[in-house]
Amino acid sequence: MDAAELDPTSEEERIAVQLGMVGLGRMGGNMAERLRAAGHEVVGYANDGTGDVQSLEELVGALAAPRTVWLMVPSGDPTHSTVESLAGLLESGDLVVDGGNSRFTDDTVHAERLGAGGVHYADCGVSGGVWGRTEGYGLMAGGSDEDIERLMPVFDALRPEGPREEGFAHAGPVGAGHYAKMVHNGVEYGLMQAYAEGYELLSAGGPVTDVGAVMKAWSRGTVVRSWLLDLMVLALEADPHLDQITGYAEDSGEGRWTVDEAIVHAVPLPVISAALFARFASRQTDSPAMKAVAALRAQFGGHAVHKAGEAANEPPTGG
Amino acid sequence: MDAAELDPTSEEERIAVQLGMVGLGRMGGNMAERLRAAGHEVVGYANDGTGDVQSLEELVGALAAPRTVWLMVPSGDPTHSTVESLAGLLESGDLVVDGGNSRFTDDTVHAERLGAGGVHYADCGVSGGVWGRTEGYGLMAGGSDEDIERLMPVFDALRPEGPREEGFAHAGPVGAGHYAKMVHNGVEYGLMQAYAEGYELLSAGGPVTDVGAVMKAWSRGTVVRSWLLDLMVLALEADPHLDQITGYAEDSGEGRWTVDEAIVHAVPLPVISAALFARFASRQTDSPAMKAVAALRAQFGGHAVHKAGEAANEPPTGG
Amino acid sequence: MDAAELDPTSEEERIAVQLGMVGLGRMGGNMAERLRAAGHEVVGYANDGTGDVQSLEELVGALAAPRTVWLMVPSGDPTHSTVESLAGLLESGDLVVDGGNSRFTDDTVHAERLGAGGVHYADCGVSGGVWGRTEGYGLMAGGSDEDIERLMPVFDALRPEGPREEGFAHAGPVGAGHYAKMVHNGVEYGLMQAYAEGYELLSAGGPVTDVGAVMKAWSRGTVVRSWLLDLMVLALEADPHLDQITGYAEDSGEGRWTVDEAIVHAVPLPVISAALFARFASRQTDSPAMKAVAALRAQFGGHAVHKAGEAANEPPTGG
Amino acid sequence: MDAAELDPTSEEERIAVQLGMVGLGRMGGNMAERLRAAGHEVVGYANDGTGDVQSLEELVGALAAPRTVWLMVPSGDPTHSTVESLAGLLESGDLVVDGGNSRFTDDTVHAERLGAGGVHYADCGVSGGVWGRTEGYGLMAGGSDEDIERLMPVFDALRPEGPREEGFAHAGPVGAGHYAKMVHNGVEYGLMQAYAEGYELLSAGGPVTDVGAVMKAWSRGTVVRSWLLDLMVLALEADPHLDQITGYAEDSGEGRWTVDEAIVHAVPLPVISAALFARFASRQTDSPAMKAVAALRAQFGGHAVHKAGEAANEPPTGG
């Protein structure tokens, strides 16, 4: 990877900046690498000792004021406590960016906490997963015009090549970046489930004999072509019938928050909620609800039920 | 059971009729019993030799013209072939009633086949399950005014006590009875799933300590009181945590036909279709769609997946 | 209405109690009436001056210690402020019951606020709507064994005749009553939507000629018989094609809380959420989501769109 | 457009073929143009007189045996009658390809009809809409190995540049092409609805101030990037709040067939069906189902309803 490839602005316009990166996991570590490749100076800190410095104090000491500290730590308590610590260490004029997957409602709390000491705050939703290091990350930022402007060299290095506005948006005030990322992830759930249902139906007994070939043929020219489809093709090339994997799908918080937020605004979300619920169901060994349905059928119809212990995929033997 | 209890019409108005009953299973057998208790003469035939006669020929011979033959055989081929056989045996003026769970589109075919020989045809959706013998059956009939009038003594004996219109409707022409029953069953799917979801949420870790007591307390006075709720209470009294049953729920054809028919008429059916799909999912040992979702998550996020063979209810051990 | 009808316990076992009722609207007013008919003494207070007393101070003064005060005020701020006021007026040993539609998470807050002064707290979900005055209310109570025991004369007067456990449950500790009521209402949404979808499909062009008669015939004997169905029959008798009403359905908070709570516990709730979203959609004059779908169709397919201002129910005129 | 751009195979490998194109509408006309640009000879026929020939007879006469005739006419009766006519005109060894949006179950019927006279048959699902002329079409073909091989020069000209398997699949025997296209369109419904729900939620009152900018920023680097997203961005650039369009979305048959087919195979399809139902609902001026819900609420709760004639988006004025 070459910095010139990553940054479409010309050499003279490019400004190298210094920033601290807190959190050097799969996301933070890759982002630090991409930033350095673009010519920026990154001082990394991770609580497992793998960073350039061994404490937040040391990190703050290693940065010249006014400092920029980018957080890539798990949302919730880890982010809360990092913000709390930084509030005691940073100075007026410094700037903290939360690039993790925090709930957008945390942003105003964090902004207020830091703002009490004159420390600026911005939030940035980051999409791209493990591919972001080489392809760049899609970025949605929330904060004041001034703070976002100040961060543009960083955003420009992290986002994909191409027109800035195709991989970066200043979404609105503090919180807007994480809000946009939350909705992004909700949409992502819906998209994934749509492909997944298509995959299942293609595989379910119709005339299609090569499901992988069909989904690969969707890669160009079709209405459904997308990056997720490309990943689906990769997955099917590696394991054509997905025999090596079970249908157990975690959910990160954003899908839940998306549905919660839709409820707040009375927005119907049938597809995204269905995708979320499908993940919930995928993690159950047995469904209490479907036990209840089976019990009701037995009550009114004398329908046979599967006794606990019978294999669930065999038809009940009773009458 | 006393005939006087079953038939609200006074002694002098009641007309005893003769009819043949084809199919003496859980439904047909109970119905024959209820009809006889009401004073009607039932000649029963079943292909397992348990009836009063041993063949359709014998059945037709045992009935005085104009005959009434009520079918309670499985829908699809068994009903088709019975209609076909009867078309060759019955005479003009005879009347066949299909009381089974046929698809309403079969009714016009059967009516035409029989009508070619002057044999009348009516269809009747029958609800009530194993409880119908004592409580009476809810009936939805399709056919001509003349044929429905002719069948009223039979309908009056089968339906529950109380005002006729609360347990019987002449829903429309041939096919309307099975159409009404199809929709009835679609609604039933939705109702069952609603209670089932409530049961699961009550059981899922909130402050409610006695789920069975709560659902029993819904039996009177509440907005959700119903016969299905009463059955849910019975089920929970017998097995408070439904430990003896697995969450495997069959579907009979009507729920599928209901969704198919909604699609024909462009009627949104989010609840009934969700209930149907929940049953489909309940019968899968693993979900191909959720394998695809898990595979996609692994591709873009480096998320751990459950390898086939791992217990599905444990979180993945990888990173 | 006769007290003897309402209270199934015999005269000698019945204990007349005194209680204050705060809130005398559609629910509180009817409940006060039912309690008085059962021989209890009710001192009513409403902030519109229609009660027996004109202030909470007066209410507390009119009751003998240890007092029981039942709240039937709107959830949220009105209930919060009433609890706050009562905390300043009541004495140790008094008991407040929130019978309104509060979110269950409010209960622990209210219990703590009151408990600081030794005032007891219980919560009670109340179902039955305007019919409760004569038919009795379904009750789900949360609180300590001692407090619930103390309230039993009140619960017995409010609940329907019949076995106590069919119209009342001690659901668990403080909060469990409102939790049970929340789930009850979520189930109610699903049930209503199931009947509504059935009504729409019956009306949509199949062979059924008398939809009202069909739904009335479901009243007895069928699997789908219920109190909600009885109400549907009443509605269709009054307005056979629902011409006098538009498809605009409010939602009270409980349906939303039910879905929120399901998300907390990772419980799939496809039917209840679909019913909630259908209500959201019913209140939109136009759907932003469907504008987006229409815009996408126009983009990729050159499909005609409805321009704003065209009647939405006519097919687009373009090509 | 230059043929060399369209066809990645080198000049010497490329084989120019002759084919008849029946149907010269938005799809057929563009496809004929793309085929000609690739060096193939296309004899076009349309029933509006705009083609190269004025009748199917003339078309067949203009082609050298063994002929290839590609159909791009509306599915259902227009395709049936074209196949019927061609069956009377073509000779043994000729080949008909149905590239329209026929239901896959029609393919075996058409193949049999033509096969009786020795005429070969293949089906091809074609995706890409109005963009296909320049970008190429995604193709899913069904038929025998021999017939598909024979058609490869045509497929290669129609599909996008790049590896053949990324824009073309031999999906299976006759019918498999349309089956794959049917599922493709079902997936497309789900994808579109997912973006649409995201658009609505972003616009619904959260902190995001520039929805168009956010969705444009999803174009590169994010998990949700896709061609449909690109179209969404174009639509929002042209009409940032979609003010010029109403939320009325037609559905072509494929979405319905997808759900029907899922029901046949007992495949749960919550997302695709929800997307289909959202389109159905978008075309209703009022929802009969939601009238029923509103009527039920009025019955049990004394809740105010919207009388017909009141504006649907105003809260009811009653109590």
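Letters A, B, C and D mark the chains in the order given here, with residues in each chain numbered from 1 onward.
Methods note: a contact is a pair of C-beta atoms (placed from the backbone, for glycine too) under 8 Å apart; a residue touches a chain by one contact, two chains touch by 3 or more.
Note that the coordinates shown come from a computational prediction; the quantities given were computed from them, not determined experimentally.
A comparison of the B-C and A-B interfaces places the larger number of contacting C-beta pairs at B-C.
The chain with its Cα centre farthest from the Cα centre of chain B is A. Chain B and chain D have Cα centroids lying 38 Å from one another. Separation between the centroids of chain B and chain C, computed from CA atoms only, is 32 Å.
Centres computed as Cα averages put chain A at a distance of 46 Å from chain B. Within chain B, residues 129, 193, 195, 197, 200, 204, 223, 228, 267-270, 274, 277-278, 281, 283, 287, 289, 300 each touch two or more of the remaining chains. On the side of chain D, the complex with chain A involves touching residues 104, 127-129, 132, 135-140, 142, 159-162, 165-176, 179-180, 183-191, 193-195, 197-198, 200-202, 204-210, 213-214, 216-229, 258, 261-262, 265, 267-272, 274-275, 277-278. Listed in rising order, the residues of chain B touching chain D in the complex are 223, 251, 256, 259-260, 263, 266-270, 273-274, 276-278, 280-281, 283, 287, 289, 300. Across the interface of their complex, chain C is touched by residues 26, 129-131, 192-193, 195-197, 199-200, 203-204, 228, 231-232, 234-236, 239, 242-250, 270, 274, 278-279, 281-303, 305-308, 310-313, 315-316 of chain D.
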